[in-house]
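Presented below are the structures under discussion, each in the form of structure tokens.
Each of the two complexes below includes chain A, the first together with chain B, the second together with chain C.
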Partner chain A sequence: MRLLIDNVSKKFKDKWAIKYFSAELTEGVYALLGPNGAGKTTLMRMLADISMPSTGRILLNDKDISLMGDDYRDILGYLPQEFGLYKNFTAVRFLMYFASLKGLDKKFAIDKVEEVLDLVNLTKDRKRKIGTFSGGMKRRLGIAQALLNDPKILIVDEPTAGLDPQERIRFRNLLSEIAGDRIVFLSTHIVSDIEYIAKEVLLLKQGELIQRSTLGNLLEQVKGKVWSVNVTQAVLPEIQRQFKIGNIQRNESGIECRIVHDEKPVENAVAVHATLEDVYLYFFDKGAIKDV
Partner chain B sequence: MYRHELFKVFTRKNIYIVFFLVVLTMVYIDKNYISQTETMEEDEYVELFEERGAPVTTMKNGVYEKLFDEWGGPVTEDKISLATEKMQKIDEKLVEGTPSLTPEEKAAHNVHFIVANAGQHEISLQERKESLQSKIDDVDDQSYAYKEAEKELSMLEQLDDTHGFYLIRAWRGMFDLIEPFMSVILLSTLILLGLTPVFAEEHSQRTLGLILATKHGKGKLVTAKIMASLTYIGVVFSSLHLVNFFLHWLSYGGLQGWNAPIQSLPISTSFNTLYELSPFAWDVWQYYAITLSIQFLACVALAFLVLLISMLVKNVMFAFFISGAVIGAPFMFRILSLDQGIFKYINSFSYLEFMKVDNLFQEFIAYNVFGYPVLYPLILLFIFVILTALIVFFTYNRFRQQQVNE
Partner chain C sequence: MANRKKNTDEFVDMMESKEFDEIEKKLNYYFVQYPDEHKIDATIDTLRQYVPDKKKQSTKLVERFWALLKHSGREFSLISKSYWLSSIILFIFGYLITNYGAYNPLFTLVILAPIPFIFGLIEVFKGREQGLLEMEMACKFSAHEIMLSRMLLVGVFNITLNTMLTIGFLPQVETISILEILLVWFTPFTIFAAFALWLSMKFRGAVFVMTFLSLWVSFSALVVSYPAWGNFILNMHIAFHFLFMGIGIIMFVIQMKQLVKKYYYYEEVGNIEVTH
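Let's look at the complex of A and B:
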């Protein structure tokens, strides 16, 4: 299976949300990494066939997805970043409804619904009205919905936002389990989400693909550029102004700063091991969200 | 899918509240207006009579049945002169302010009025036929005017013995919920309430993105939504008309008059008729079936319009007001005396007239279609079939093209 994104752009008025984006995806988990407003959601909507590219085309096994239409969406699972649910539906009714939208046979759907409810740990809330669900439960139900038709292409836009650490781990494991024979395309700000599961990372900045490589390769690129230094409160503002700062942590001997910089930033800085977070910082000039 | 769409439509609480209020209004009006004259004081009765002709009374106590034996059926010369004579007597009595009329006398007075009136209508009908005949004789037989007159005349010739006294009171009200214009208001309120959210709410609830990304989310879903909407309309329409039917049946104590000619159908508030020159040779029950069928078709046509607006406008409130404006426009135009030229056509071929039905069959109205006279109701139906087909096509088309970008 080969999903080819060919010179795709999306233009709103005179603003390019996505600019000539090209990539080829095969089975595996792809992580789309980029700061707010980079265009992640815009790109994913076009992949989910709910938004038309302004230029370019998207091909699945050499067939244009806009021509495939229903057949493309038949093998698609999509979780939007923001979505609503029917408040007076129960979880089961909601999933049965989506099963029918996805063209699942009713008998089959009944079992499938129980299966996905179990996957997202909502079995005991299956008969509750969605209106009484918490934010995290709603997102899990959204994930369940995306999985109903065993999608060959799974597009999930910040799937873990609002999930507690336990559920986040659960989801991460779920993804790595199912990714074997499908394309999973996921966007996130939370680097730990993808740390162990992403086959490749795509870095998106202001609508343009700036890097596409494996995690190892990205780490390699920032190797030797991550430093730790102990500073006093007094010089901290100056440091922050001059360098890209990661974590700042207070300890007995002052304030420990993590700096990402091509050369040794200050005298007493020591090189430290790079993480994906440092990669994010290095490319996007802005701190990644530290979470989990 | 259909089942769940139905669930969405039928779990909106406000439709039940409004439906209940509508039924309540119907019962209230029924109770207050129908039995009005039974308990009326003499001077009130006279006032009402002078204002509107023979006023509404029920047939419950058998008074009218007895009168029907004597006066019922098509009018004859004898009946007319006798009725006129008796009316004059009672009128004199009323003018002198002498003792009040018993309910029996009131009823008799009404019947005399109806019979005399029917005689007038019979004369109008004959005059109409004669004037049509003379037109036919005068104008060129290739002209449109000739064809039109000929068509009307041939329709009028089909009528026989249409004017007279029939026990028909229970029937007038059955055609409308309270009153023709009111039935439009009540039905369209319920249709708008139930259907404006169908597409708009997917947008406002932010579920559209989820739906559109599914296999059937761009095509079959529209069908499911349409089917659910039509089911809703079917339920609303038939339950309101059933309530109305039984209300009238009970209030008037019978369904007599089902086989009377429609030319003797009274208007809602009195024994006067608007159908005296109607060229349609139908019995009341046939006309009832036709009226309800047309009104139902109108509701269906309106439903498709509302669904399209709901999809385009993406906001329940706006969709409600825009749809309401489309329905109400002809009414407003007429108030503003915009009923000439293009407006005349807009007003005549409107959802309002389509749903109201009663203007379609009261008299002979034909339009020149490539030189041939075609009846107004037929053209109206034709136009709405075409229009609705376009709307349906457009709805499917636009829904498929929809994008989620925000």
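Let's look at the complex of A and C:
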């Protein structure tokens, strides 16, 4: 299976949301990483075929997805960033309804609903009204609806937004489990979501693909560019003004700053191991790191 | 355009034929290789998918219509029970009031006729109201088809209620033919349904209901308070009824097409409709 994003752009009036984006995806988890407003959601919508590219095309096994119609929707699972649910429905009724929208046979759907509820750990809440669900449970139910038709292409936009750390870990594991023979494309601005599961990371900045690589290669690129330095409170504002700062931690000898910079930023700085968080900081602006 | 043509003509005039010959000679240096059979076939294969297959499309349309009918059955249980119930109660109430109050049953028909459809539009756009639109759009049975199937249910239900009320009033309006009675409520029904559909695509639930109800109350008050207006509708020549009904149906079909276009792709949908 090969999903080819061929020179895709999306323009809203005079603003380019996505600019000449090209990538080829095969089975595995791909992470689209970028700050808010980078164009991730726009790209996701085009991949889900609910938005048309202004230029370019998206091909699945050489077939244009916009022409595939039902054949594409049969193998597509999509979870948007923001979504609502029918609050007076139970989880089972909601999933049965979506199973009918996906054209699943009723008998098959009954078993499948139980299977996905189990997968997202909602079996014991299956008869509860959705209105009583927590934010995390609602998101898990959203993921369950995306998995109902056993999609070969799963597109999830900021799936961990609003989930607590435990749920985020569970979700990461879930994606890893199901990714075997399908293309999973997830967008996030939270780097820890993808650190252990992404086959490749695509960095999106202002609508343009600025890097596409494995996690190892990205880390290699920032190797020797991550520094740790102890500073006093008095010089901290100046350091923050001049450099991209990651973690700031107070200790007995002052304040330890993690700096991402091409060259040694200050005399007493020591090179340290890079993490994906540093990669993010290196390629994107300081402001974007706050949700990591 | 005129300026561009003038400039081109001037440019051509300036070029001597000798210069053209020179350009031709230079171009002869460039060798454009004719693509081999394999490349031609590959290009044709790539482009073939973009050629619409008319036969397949018409078959698909029939299939889609049957799917729509079938799905309407499933949507039945999703439309809130209070909607079905309140519409029936409203019509029973209308029937009783008209009988006991000795009101003109034709006025009652005109006023009540579009109400179930209007409130039904809230059910039609329930997915949009509750933020499910984007997820529905990505399904095989997409958002616009869900709306159409619900609209079909609501429309059939409304017409059934109207027909039953018409039958109920028949003994009281023996002097008028059944066709005329049907036309009396059906003509304003089509126009108001089309207008309501247009309005519901522009505004979300509460705003739409308030706007339409205020208009509807004004219209009803006009019909009841000024008998001349009411009589104008009741005594209109049959040809005008057909004319206005035709206009109403065309307006409704246009709005249906707008709905399909609007909810087929995300870009036609405003942000207000997907946020919740």
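Criterion: the second predicted complex is superposed on the first by the 286 of 292 C-alpha atoms of A that agree within 3 Å, B and C clash if a C-alpha of one lies under 4 Å from a C-alpha of the other, contacts with A are read in each partner's own complex, and residues count from 1 in each chain.
Basically, a residue touches a chain if its C-beta (ideal position, glycine included) is under 8 Å from a C-beta of that chain, and two chains touch if they have at least 3 such contacts.
Small disclaimer: the values here were computed from a predicted structure and weren't measured.
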Overlay on chain A: chain C relative to chain B, clash or fit: clash
Touched partner set for A:R45, first chain B, second chain C, both or neither: both
Touching partner for A:K63 - first (chain B), second (chain C), both, neither: second
Touching partner for A:Y86 - first (chain B), second (chain C), both, neither: both
Touching partner for A:A234 - first (chain B), second (chain C), both, neither: neither
First (chain B), second (chain C), both or neither touched by A:F98: both
Common interface residues of chain A - those touching chain B in one complex and chain C in the other: 12, 45, 48-52, 70, 73-74, 76, 78, 80, 82-86, 97-98, 100-103, 142, 145
Residues of chain A that touch chain B when the two form their complex: 12, 42, 45, 48-52, 69-70, 73-74, 76, 78, 80, 82-86, 88-89, 93, 96-98, 100-103, 142, 145, 149
Residues of chain C touching chain A in the complex: 46, 49-50, 71, 74, 78, 126, 130-132, 134-142, 146, 265-267, 274-276
Chain A - residues contacting chain C, complex: 12, 45, 48-52, 62-64, 67, 70, 73-74, 76, 78-80, 82-87, 97-98, 100-103, 142, 145
Touch list for chain B against partner chain A, complex: 1, 4, 7-8, 11, 205-219, 221, 402-405
